[in-house]
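Here chain A shows up in two complexes: once beside chain B, once beside chain C.
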Partner chain A sequence: MSEKEIIERLKKIVEPYVQRSEGLENFQEKTDFLNDLEINSANLVDVVLDVEDEFDIEIDNDSMEGMLTVGDAKSIIQDKIKAE
Partner chain B sequence: MSKRVVITGMGVAAPNAVGLRSFEHALKNGTSGIRFFPELEDLNFTCQIGGKPQISKELLSNYFTPLQLKGLNSSGIIYGVISGTDAWKDAGLEIGDEKSPDWDSGIIFGTGILGVDKFREAIYLIDEGKTRRLGSTSVVQTMASGISAYLGGILGCGNQVTTNSSACTTGTEALLMGFDRIRSGRAKRMLVGSCGDHGPYVWGGFDAMRILPGKYNENPKEASRPMSASANGFVPGSGAGALVLEELDSARERDAHIYAEVLGGEVNSGGQRGEGSMTAANNEAVERCIIGAITNSNISGNDIDAINGHLTATNRDSTEIRNWIKSLGRKGSDFPYINSLKGMTGHCLSASGAIECVASVLQVKNDFLFPNINCVDIHPEIQELISEERIPRQKTDTEINILAKASFGFGDVNAVAIFKKYIA
Partner chain C sequence: MIGNDIIDLRLSLSEKKSENQRFMAKVFTDEEKGFIRASDDPETILWLLWSMKEAAYKAHQRNYGLPRTLNPQSFSCTVNPFENMGKVYTGSKNYNVEFEVNSDYIYSQTSTQSTFHRIYSKVKPTKDQILEEICASLDLECPVFRLEKDSKGIPSLIGPNPKKKLPLSLSHHGNFTAFAIPLINS
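Moving on, here comes the complex of A and B:
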């Protein structure tokens, strides 16, 4: 799966949780879930569950803690897909 | 000096109508909201009928954001938010996005049990070892105070925001708790009400107690028969009712529409002593509750034009009438008019008090009595106590100045509220 495809699919997943829609216009690796998109921190667990379903992977708590930006999420998804 | 408290907004999600205007229409027409549910048949329920408000997806999207709707599986929250938001808007109050909440407005919104279907989802996941799959809203959809928490966030209330729970008195109790808070000057406005979840996991326990009717699965609309000889158990229901209580000066200042005044009320318990038990009322406590409500409203029993009873359609209906007679000192043709909403909605359990308070206030405001549907054969014990014409079977237009509303609940708890027509 290409990086671009992963990021495109990620964007779709986070969309319903985003409270600052300007953040979506410039959705890139540096985009920070809490600061740029203003996703409620409680909703990060829902984003993780949706990512798990979308990519058919499992994201453990340690990986989730390191998932602050779109780039972090992309790397974690790539690692998990490889490990499957 | 105690503040005067008036009702400036109402909302309702009842089995026979959703929204205040259609609810009033349903009341006047005696529309039943009782339906047959194949799911209950599949689950071998004795009573396969019940009352659920009919809510479309389109309607839901008027009250919840797409994010709130994601994984929302708590019917009590759905009904409570619809009725609460409606009441707020009906009162002409804004839903602001200011950084500061409205410090003068609070919420007391009760429930019996919340988010039962969501809790079931969680239980299945947990038992499969998939706790991490619960998502972030499992807690807020199943905590009892989930309903006041949802409404508090939607409306931005900064005064007391809480949930009370006292079985089938919950809604009437919430109203009286909000009334006290305004009367003592600690809030200007209180959104009060109650909600109740629907479905087999709420109703099953009552079915097991064999206090629900099993003979009306083919003709559900005839099943709920308060005060009738053929009454054989209450039909379970669900939904929510909400009322905005407001300090009279505040309502006048903003030129709000006033439905009625809350004169007073009483809550108490029979302590499960005497004939009182976990599931039955102590009659002395009921009488004291009625008399207390009359006394602290500064009226006499003779001032009451109508009673909206608890009257669930069990053998307790005649006991309730007897308690009213003793408390008011009025019987036969001198007895006030009396009706029970449960003929149309079934017994909406924790939501019943609030839905019935809304129905009561509409009657006071608009001078009518809704019909006691299905009461074609008044119970002989009741016939001996009060005149038949005191139990309207047709919609009746008559001036209602003061109405008493009673709710009684498991745990031997009672609540009586007194509503009076407001004349500017």
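Moving on, here comes the complex of A and C:
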């Protein structure tokens, strides 16, 4: 799966939780889920669950801990897919 | 050392999270899950525990200058419902948390000093509006003060002397905004 495809799929996943829609206009690796998209932290757990479903992977708590930006999420997804 | 958290129950209760086993497993310890299940109102109690974890996390992060993380399970709660108080443990540290639960919101706060806090109704407040509310509540001259977040997202109130940063904790959810600020002379 290409990086571009991962990021496109991620964007669809986070959309329903975004409080600051301007943040979606420039959705890229640097985009911060809390600061740029204003996703609240409980919904960030929902994002993690949706990512697990979408990519058929399991994200343990150690990985979840560092999932704060689109780039973080992309790297975690890539690593988990590789490990499958 | 200060940390607070507000939950708008109108938004959170409708999510029916206590029925979502995968969410519960990511957020709560086995003991906490047992406590939530055994309660009369699991949906409210789970958000109470969540808000206690958030308040303690903010105080802990500030205390040790830690980077932001998302690991709610590493903060575990015990609750004394009769005193509206609880304790949150993380690693070898623990935080006493006071809380308030009513039909509209849950508010949790931890602080080692006497603290002023205010909860008010405001949808999507701007930074300036929050600052105005703080200044009005504490009788400060607004133009002299400003709110600043450091690179880790930890907020402070900065006054006439820019070297003097006053710690404060902010929380916003749905219809509610809350701030907590340790009293300067305490």
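The definition used in the following text is that the second predicted complex is superposed on the first by the 84 of 84 C-alpha atoms of A that agree within 3 Å, B and C clash if a C-alpha of one lies under 4 Å from a C-alpha of the other, contacts with A are read in each partner's own complex, and residues count from 1 in each chain.
The rule is simple: contacts are C-beta pairs under 8 Å (C-beta built on N, C-alpha and C of every residue); 3 or more make two chains touch, one makes a residue touch a chain.
Given the structure is predicted, the values throughout are model-derived calculations rather than measurements.
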First, second, both or neither for A:Ser2, with chain B first and chain C second: neither
Which superposed partner A:Asp46 touches (first chain B, second chain C, both, neither): both
First, second, both or neither for A:Asn35, with chain B first and chain C second: second
When both partners are placed on the shared chain, which of chain B and chain C touches more of chain A: C
First (chain B), second (chain C), both or neither touched by A:Leu68: second
A:Pro16 touches, of chain B and chain C: first, second, both or neither? first
Shared contact residues on chain A - chain B and chain C: 42, 45-46, 49, 61
Contact footprint of chain A on chain C as seen in their complex: 12, 17, 22-23, 26-27, 50, 54, 68-74, 124, 153, 173
Contacting residues of chain B [partner chain A, same complex]: 66-67, 70-71, 132-133, 135-137
Chain B contact footprint on chain A (complex, rising order): 16-17, 42-43, 45-46, 49, 61
Residues on chain A engaged by chain C in the complex (per definition of touch): 19, 34-35, 40-42, 44-46, 48-49, 52, 61, 64-68
